[in-house]
Amino acid sequence: MKKPVYQAAGLARQFGLELQGDGLTEIDHVAPLGTAGPRDLSFISSDRYAAELQSTAAGVVIVSPKLADQVKGTALVAANPHVAFARVAALFERPLDAPPGIHPTAIVAASAKVADTASIGPGCVIGEDSIIHDRAVLGPRCVIGADCVIGEDCHLVSSVTLVLRVRLGQRVLIHPGAVLGADGFGLALDGDHWIKVPQLGGVLVGDDCEIGANTTIDRGALEDTILAEDVRLDDHVHIAHNVEIGAHTVMAGCVAVAGSAKIGSYCQFGARAGAFGHLQVADHVTLTGCAVAANSVPEAGVYTSHNWPLLPTREWMRNAVRFKHLDELARRVAVLEKESKHV
Amino acid sequence: MKKPVYQAAGLARQFGLELQGDGLTEIDHVAPLGTAGPRDLSFISSDRYAAELQSTAAGVVIVSPKLADQVKGTALVAANPHVAFARVAALFERPLDAPPGIHPTAIVAASAKVADTASIGPGCVIGEDSIIHDRAVLGPRCVIGADCVIGEDCHLVSSVTLVLRVRLGQRVLIHPGAVLGADGFGLALDGDHWIKVPQLGGVLVGDDCEIGANTTIDRGALEDTILAEDVRLDDHVHIAHNVEIGAHTVMAGCVAVAGSAKIGSYCQFGARAGAFGHLQVADHVTLTGCAVAANSVPEAGVYTSHNWPLLPTREWMRNAVRFKHLDELARRVAVLEKESKHV
Amino acid sequence: MKKPVYQAAGLARQFGLELQGDGLTEIDHVAPLGTAGPRDLSFISSDRYAAELQSTAAGVVIVSPKLADQVKGTALVAANPHVAFARVAALFERPLDAPPGIHPTAIVAASAKVADTASIGPGCVIGEDSIIHDRAVLGPRCVIGADCVIGEDCHLVSSVTLVLRVRLGQRVLIHPGAVLGADGFGLALDGDHWIKVPQLGGVLVGDDCEIGANTTIDRGALEDTILAEDVRLDDHVHIAHNVEIGAHTVMAGCVAVAGSAKIGSYCQFGARAGAFGHLQVADHVTLTGCAVAANSVPEAGVYTSHNWPLLPTREWMRNAVRFKHLDELARRVAVLEKESKHV
């Protein structure tokens, strides 16, 4: 694949950035400030790294107005350098090779409808009554069950499974191995054995959502599991049945949300964070890595749990064993305090 | 798909329930009490929700004998309303479209045996010496390795992988992305590098088990990894090699069980619970969400660990840092108590 | 499949072990000491199990020189019995059935290169500009994206996905459902919504690595995510973008490593252990099960966190609620100590 080449002045025009320095500077790749060379584009995301501007060899740097005068070479000045970089860097990704049409090895049910501009990759299977809208791209080996809808400009990278009654909005991006619409985990104890509670709901995914590799989103029992618009889930996330997630909420790797939890908008869950079932988390709640909400969180804020010091094993064990008697210890201190006042 | 319609009297007859009210009441869907309309079937699972019986618009409600006289409209009375609802609700699931026979795009090894009544979906691959019994359904893109057995009436939804020596009993249900029979994680340090310890066992899954999406069950090193009958695993569960799980045990999402652990019957593991390796957990042990058994659990009961209050981050950190000195704190309290007695 | 039969003397010769006892003893299977019969090979891994040597019926036992005189029957003496057993046991695994050549149902891009001796299984898809080297085996339904390299003697068991710019060294073994090279989780907040930060790096995997079932390794943002040689990852592991893992490091099931963390060589992470992002872990660091490094670990050693006693739920809760006031408790003890000195 031939490398594209861009001039700083052209990038400034295309992305509405302010050019500072030599507009003829050419770049053909991107790199971090520390390792960038004269044909690389780089960016600075935080004032903390300002010192690196002195030593970088980057051909062009995207920078905030505040730091612009510290750039020695060519700069593109942006109010939000991270966002500007994200836009410019997209030029350097390998373009998606997804011609419209249905690959001859794909199998489409008679009652399914596939838009002419959609691209259905090799080995895909599309079930009864499902609808694939314009410009949707299904990479190799996706399996779409019955009664699913895939909105315009969605992209299922490859090996994505939508089991049943999964409806995606527009521009939804799903990574390999993700499974949406599998049975929620519903069981009833019938005497001495379990019977299955049918999962008659579906999964509703809003516009601009992103679903990570090997993530699972189960379908609802009676009503739908719902992701509002612009929800972003990383890999290995587990969303149980009837969960609702508000718009613009972000969950990092290995987060788990139990059944019927309602998570607000603009929440951020760190890796391996989670929430128990049947609770509510307010908008703008941040859970740090590994933090778990076992009860509702009614107010916005940054919350932590399950964040412990890593200690040499012997030292950990010596302290942890005391936990069994922490309540007793607190009571003993209260007794001492009472005596102390008597003295 | 045309909606089915049912009359209350017919449902009472079919499922052995007691009819109360108008037997001609028709329903064509199911819904929770709070949102149900006059053509919906609903149910009440607990006395706690009895107040909702006053306001619900549900056409028919499945209810316990105790609450029957509080239903204003038509009721179906059942000793266990949850179980009765599970049975009736199954009428409303989309029927499985799985005609007997081997799809022309499936690839079956010469030495494999597939029953005439089994349904092998598009793109499936079945390896040498494997056997698929009557009425088993393999949805699209399942990969069955060598020496596997799939019992009568099993259902592998789609994209399920059985690697090697996996034997399923009857009526086993496996969701997409599950991998059974991958190599257990066995390594031996040979000087300065690792060599692989062959995993010569298999996986044995009892009748009526259910395995969730993207769950993994590794095959054993010398002997089998074993699930007894009616074990129910949710999504993202990890069962390591040579684990044994007793009958009717249930594990919610993201549970992990390390190698050679023996888990009893009728256990219930909450989401992200787990067990270390080479230990034993008694029958009827419940682990609440996130609880981990690091040692054997010899007695039935409800156990917890790893359940911490979620606190504003600063508050968490202020307390967590004290953990490093909890043992010292306990010793200091003991000294004070000794002095206190001397006073 | 016909069972192979081996004589003790032949095994001694083939694997360079010292024969003790009857060289004509035949074995045709392997088993643990406790259940082995007269035609089974077994081994003893630790002095702790020496008593089992008295009662075992195993035909042949692999044993250390120290324990050799306690074997009543035939023994094969090895400096490291576990390693010797791993080598011998490999004779009993079902041989891989992977004839060279491209299966007629596989789809290979025009610009991809596949070595004549490589084996490409049914339903595989190989993308533009990718290269498959000699004797690599791709089992059924692997999807290889663009710009990937698969080194000599690699084995992708089945349903493995390499998304983009994934380069594997030699003899890399990858289990089903693993996804390498999916987009790292990079987002920038553009006013009130998220935009995607392109992930322009790749994934680099060294020689002799092993990647477990349903494990994910994301590709880097600007530079590569890197596994050095002989890294061994179990199932459900999550490696975020730009992580680097040193040679011979081992991670058990469900480990998660956040973005840009640098993990040393010869580390061992127990199940569900992990590391936060942008930190460094020294060589030879062991994290016990569930332990999480929230900060850099500069020195080798065995570390623990997140290892708590499992308690009856009521008892746990009584102690856990005290945690909210642990800092206050410590201050109260300090006050008492001060007073105590004044008395």
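Per-chain numbering from 1; labels A, B and C assigned in written order.
By definition in this document, a contact is a pair of C-beta atoms (placed from the backbone, for glycine too) under 8 Å apart; a residue touches a chain by one contact, two chains touch by 3 or more.
What you are looking at is a predicted structure, and each value in this text was computed from that prediction instead of being measured.
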- How much rotation, in degrees rounded to the nearest 5, is required to superimpose chain A onto chain C on the basis of Cα coordinates? 120
- Taking all residue numbers at the chain B to chain C contact, is the shared part over half or under half, that is, same or different? different
- Roughly how far is chain B from chain C, going centre to centre by Cα mean, in whole Å? 26
- Send over the residues of chain C in touch with two or more other chains. 105, 123, 141, 159, 177, 214, 236, 254, 306-309, 311, 321, 323, 325-326, 329, 333, 336, 340, 343
- Could you pull out which chain A residues touch chain B in their complex? 105, 107, 123, 125, 127-129, 141, 143, 145-147, 159, 161, 163-164, 177, 179, 182-183, 185-190, 192-198, 200, 214, 216, 218, 222-223, 236, 238, 240, 254, 256, 258, 274, 276, 287-288, 291-295, 297, 301-309, 311, 315, 318-319, 321-323, 325-326, 329, 332-333, 336, 339-340, 343
- Item | Sites on chain C touched by chain B in the complex | 1, 30-32, 35, 80, 82-83, 85-87, 89-90, 92-94, 97, 105, 121-123, 139-141, 157-159, 173, 175-177, 208, 210, 212-214, 230, 232, 234-236, 248, 250, 252-254, 271-272, 289-290, 306-313, 316-317, 320-321, 323-327, 329-330, 333, 336-337, 340, 343
